[in-house]
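Just so it is clear, A, B, C, D, E, F, G and H label the chains in written order, and each chain counts residues from 1 on its own.
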Amino acid sequence: MSLFCIKQGVKDKMSQKENVPLVGILMGSDSDLSVMEEAFKALDAFEVSYEVRILSAHRSPEATSAYAQSAADRGIRVLIAGAGWAAHLAGVLAADTVLPVIGVPIDSSPLQGMDSLLATVQMPPGIPVATMAIGKGGARNAALFAVQILALQDPALADKLRAQKRKMADEVVFDKNRKLE
Amino acid sequence: MSLFCIKQGVKDKMSQKENVPLVGILMGSDSDLSVMEEAFKALDAFEVSYEVRILSAHRSPEATSAYAQSAADRGIRVLIAGAGWAAHLAGVLAADTVLPVIGVPIDSSPLQGMDSLLATVQMPPGIPVATMAIGKGGARNAALFAVQILALQDPALADKLRAQKRKMADEVVFDKNRKLE
Amino acid sequence: MSLFCIKQGVKDKMSQKENVPLVGILMGSDSDLSVMEEAFKALDAFEVSYEVRILSAHRSPEATSAYAQSAADRGIRVLIAGAGWAAHLAGVLAADTVLPVIGVPIDSSPLQGMDSLLATVQMPPGIPVATMAIGKGGARNAALFAVQILALQDPALADKLRAQKRKMADEVVFDKNRKLE
Amino acid sequence: MSLFCIKQGVKDKMSQKENVPLVGILMGSDSDLSVMEEAFKALDAFEVSYEVRILSAHRSPEATSAYAQSAADRGIRVLIAGAGWAAHLAGVLAADTVLPVIGVPIDSSPLQGMDSLLATVQMPPGIPVATMAIGKGGARNAALFAVQILALQDPALADKLRAQKRKMADEVVFDKNRKLE
Amino acid sequence: MSLFCIKQGVKDKMSQKENVPLVGILMGSDSDLSVMEEAFKALDAFEVSYEVRILSAHRSPEATSAYAQSAADRGIRVLIAGAGWAAHLAGVLAADTVLPVIGVPIDSSPLQGMDSLLATVQMPPGIPVATMAIGKGGARNAALFAVQILALQDPALADKLRAQKRKMADEVVFDKNRKLE
Amino acid sequence: MSLFCIKQGVKDKMSQKENVPLVGILMGSDSDLSVMEEAFKALDAFEVSYEVRILSAHRSPEATSAYAQSAADRGIRVLIAGAGWAAHLAGVLAADTVLPVIGVPIDSSPLQGMDSLLATVQMPPGIPVATMAIGKGGARNAALFAVQILALQDPALADKLRAQKRKMADEVVFDKNRKLE
Amino acid sequence: MSLFCIKQGVKDKMSQKENVPLVGILMGSDSDLSVMEEAFKALDAFEVSYEVRILSAHRSPEATSAYAQSAADRGIRVLIAGAGWAAHLAGVLAADTVLPVIGVPIDSSPLQGMDSLLATVQMPPGIPVATMAIGKGGARNAALFAVQILALQDPALADKLRAQKRKMADEVVFDKNRKLE
Amino acid sequence: MSLFCIKQGVKDKMSQKENVPLVGILMGSDSDLSVMEEAFKALDAFEVSYEVRILSAHRSPEATSAYAQSAADRGIRVLIAGAGWAAHLAGVLAADTVLPVIGVPIDSSPLQGMDSLLATVQMPPGIPVATMAIGKGGARNAALFAVQILALQDPALADKLRAQKRKMADEVVFDKNRKLE
């Protein structure tokens, strides 16, 4: 099944057979792209393969549902969904799959993302959405969280995460402080 | 088509053929029933027929979609959807029908309905949801708004609405003030 | 009665006799015009006729009341009211007519529309206002919702709505995703 | 003119001719009475005459407008309006009179008065409403503020206000602290 | 007593003896000046005399207290206080006078005036502050409200207010709508 | 290593060797227990083993850090952390492990969980916390999300999730609607 | 000087000469007493002497100012001020002393302490108030923070703080977890 | 111990031996520097020595903990911590020291600092953080509050604070008002 196929990220050489992406990144509108690119970059850095789709819970409900229902069979392991306003995309995907769904609220409305945060995080019992911070930081963290999930089955990926954690600490403690001097 | 058929309200003798309900009242959970009953009462008072379903955007996505897609063909004219938390029900219905969808945010979460209000009202361009006030008052108003829509085609219903408006004014001006004396 | 008559939108050739507009678009101030023009565009696209008035609940209460009271008799079917700050316009119109009134909260104050949202949506039981999202998206959706109401009596309009819905889905699924490649 | 006449408070012996009340206290619903009684008590304590009406901006718009338009001619000097939800009463009165209008937001909705506060205070330029705190404290302060306005023309009333201020300070400093010992 | 005397507005020829200003406009910081100038303009238009002071509840508490305590004796009738952040100025003035105090919350902090609104309006029972909308609109309305208070003793001023109200309505109904054509 | 060992949940017979728990459930205070028990129940239903600890980011920082650092080596796969007020527990754990950390904001403060929601979800880039809804619903969803993660490596668990999803839909569509009749 | 003297807490035998209290605990109303008692208990536990006064920024401004101005000379080292609504007490005290002032927002209004939090914490540059959490937890922490300040000059007090910190950690790690078993 | 040593502020000639800084200023990211520089300036003006570190609660937890645990022994008396988003830095430092910790919420996220304010101020009982206003004003006040604490042991510093307070009042009362003329 090809499902209007598109942009596909770095090939994860370690944990993937036959080039099937492990992460699906969805967004409600192409105007969300500049935010969600933070997720692309983070997955590229960990060499985790992904695919990207624009899918709207409201404007393309059937395609969204079809995507969610077929994702697991196609080899996708984690879904990341970014949306603004009354952000239903992550919730609607979660309704149609048992894959972990990570939601990124986007601050595209006048309410600065408070609307998309509450619409994403306040899911009723039974259908969890793992919600990240509003905006670019949240998009980056969504990708890192997806890597953390995948690393449970991939010791090399777990090593990379630990290395990145040490590097991040060193950057804070040494590099950034040096600039202060 | 019967679609897990249930509670059906007062028969509107004026504006309905063969007993098909004109309004579909949906709610995300049976715990929303005490709020949504305000809508039943208001429709009963105007003798507008309705049917009631519990349908969850997240827990029963297929049934919800099927309901929305078939509603117009079954003769339904207006949908009313009440939900709490990240209230996606109205939006998900609106994605699958061109019937007018009225949303009632319900204050069932610790955030007192601010979450369901924003998740219901902040719909992206293209898919409108007509949002009412949080809770019982909103449920009653959803029903009245449905009647206002139906009254555009039903002069007798419009007369009833005008009569009720006058009665409401008289109650405020005379009855309630008399109690103060 | 002519009532300080003004800007009148595209003539709906299908559903209107003698050129009477079907939708009245009101706004509290001429500074709201850039937001409400989204509603004009949407009604133009559906060839639904409309008229536009600037009417303030607070600065021109009599003209506002006169407009609301005469709208139904003049053939208007739906009112759309956009306002910012303590946005009372929609509520004040709804008090004086049994026509459906749709409210568009406008983010013109420092509180980014939270004030106009709550002042529009939290109507007390008895007088419903169908509230849309804050700002331009809400103005567009107000027009689409008005079309959904009118389409209940106009099968051709309902067909257009269904066509637009399919087009919108296709745009998301095909056109926008193609740009990603 | 009698205008569905009702409860009338203590006669202000000093500043009033022929028993005409100086303050009009309006409220949107009889359920607001327990809050607005704080205003009655405060005016009674200052022996300022007042009248009380239930008048809804939405349910009885004509009576509300008639009241506001005739208030000044009947000798009323200050209006106090208490309302909950999308509290438009004070704003609607202010639209129809040049008398000072004091608004009391009431916390009767699930949003605890944040809706009525914003709907009362965020008036657009041109039509001021003097807004007090949410609930009973605000109702009491509305009455005190009305007395402060009336005291500008009534030296005896100003003396009473100063005396009450000293008494209030003494109560805090001496009586309440004594209880701590 | 001269009290570090400053900017003094238009002389009200009608209602004032010996050039004493009737309104005192205070603000917490000179950065609030661009907002509070809306009040100057409105008072100028009504030819009501006023004086302007920068006085901080926190940085100059003694001068603030001295101003409030002496204002009534100097002939001031109404105080207007604009402040941002934890806006205590209006409340602190109200603690030291029985003159009516009008508060204008200013949106100078990152919280867009929600902090100054709540710090101004939520006064405890006993010490009212008449709170206006956040920012420039609130500053203009504070001045209009002061004029409404003064007009209770000045029929000519009341006539001006009524004339301005009619003019405002005409501007909305005729001038602004004409621009739409 | 035993680390002040405590309550241990149902043994997952399928996916676990030698009885080591797969999920660690942490909470900031024993007063959070009634909320977090929803997570216990959900894991019990899926027969996923877990352990429970009370660990405070602020009151027992060393034990918290030690727990996070040793969790992966002890065989824990997912951490769930519930906390109220300025809820730092999930973030502090995430700082010390590359395991996925799920945060449950608890509404124990007067701000009804808005404080714990923002303190949990608004994590800076680099350290993700997967945030669930406020309170009991969020605790239940945290457990389900943990199961979804574990199910990526455990086909039987994935089957159970799919079965529970169908059952949940059936309950909504059939059982609950039957009660309405 | 005696200043309407009242309740005086446990005598700190170590760090105080001649029985002068080191901490002044002020509150805006006797209704705040049940919250502020948490501060009494914490100071009692550390044997730090304190005095308690009810002092309102608005109702007793002179006494409040006099207290703040004389506190340092009387030997007071730290002030703690608890207040609800538009909580100005801490800010007004800080305006009149260079002693450290700690503010405790109290949730006595319908807005659950959001008003008192913002009115306490959002102090303009120049006059700091050290703000604690809303309600009882904040009152307890205000006392602990006062002890931390005093401990800078009192090694024995610093030892007690360190001991209490260890005890608090042990209670979390051992006692509370044991209850779970 | 040198601990990745950096920028060190003006030497306080009065209250410090051997050049050890008295105040530690920490921030979560170098992007917070422009805000925290307000604290540097204020300490410089009072000639209080300080050191500056970038330390992240989440990205460098061990260094943060090490810093907090060693600060008192190195002669530091007060810690100031600025952070944005889910601002845990101040809380995490407070968990590891009995020195007074002052928190500065920074408005770097789309929520304008409401997230960092709540994450900083709503500390649970037992671990106080003295929270200042959001942003630059808060950073300046954090420094002034630190000076107020240090002044309890340093009469010359207390004199400087009193002098600055008088100067600030004079600036408001004289200089700024003169500009208005």
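Note that in this section a contact is a pair of C-beta atoms (placed from the backbone, for glycine too) under 8 Å apart; a residue touches a chain by one contact, two chains touch by 3 or more.
Remember, it's a predicted structure, so these values are computed and weren't measured experimentally.
S.K.: By that same contact rule, can you tell me which chains touch chain B and chain C alike?
M.R.: Intersection of chain B and chain C contact lists gives A, D.
S.K.: Identify which chain pair among E-G, B-C or B-D reproduces the interface of B-F, meaning that over half of its contact pairs, matched by residue number, are the same.
M.R.: Repeat interface, by the over-half criterion: B-D.
S.K.: Could you work out how far the Cα centre of chain F sits from that of chain H, in whole Å?
M.R.: Taking the average C-alpha coordinate of chain F and of chain H, the gap between them is 36 Å.
S.K.: Could you grab the centroid distance between chain G and chain H? Build each centroid from C-alpha atoms only and quote it in angstrom.
M.R.: The separation of the two C-alpha centroids amounts to 20 Å.
S.K.: Taking each chain's centre as its mean C-alpha position, how far apart are chain C and chain G in Å?
M.R.: 54
S.K.: Two-or-more-chain contact residues of chain G, please, as numbers and ranges.
M.R.: 29, 56, 59, 61, 85-86, 109, 111-112, 114, 121-124, 126-127, 133-134, 137, 168
S.K.: Considering every pair of chains, which are in touch?
M.R.: So, checking each combination of chains, I get A-B, A-C, A-F, A-H, B-C, B-D, B-F, C-D, C-E, D-E, D-G, E-G, E-H, F-G, F-H, G-H as the touching pairs.
S.K.: Please name which positions on chain A make contact with chain C in the complex.
M.R.: 4, 6-7, 29-30, 33, 52-56, 59-63, 85-86, 109-112
S.K.: Under the touch definition given earlier, write down the residues of chain F that touch chain A in their complex.
M.R.: For chain F paired with chain A, touching residues are 38, 72, 77, 98-100, 102, 117, 121-134, 136-137, 140-142, 144-145, 148-149, 151-153, 158, 161-162, 165, 168.
S.K.: Can you list the chain B residues touching chain D in their complex?
M.R.: Those in contact with chain D are residues 107, 112-114, 133-135, 137, 168-169, 171-174, 176-181.
S.K.: If we count contacts the way the header does, which residues on chain E are in touch with chain G in the complex?
M.R.: 28-29, 56-59, 61, 65, 84-86, 88, 91-92, 94-96, 109, 111, 114-116, 118-124, 126-127
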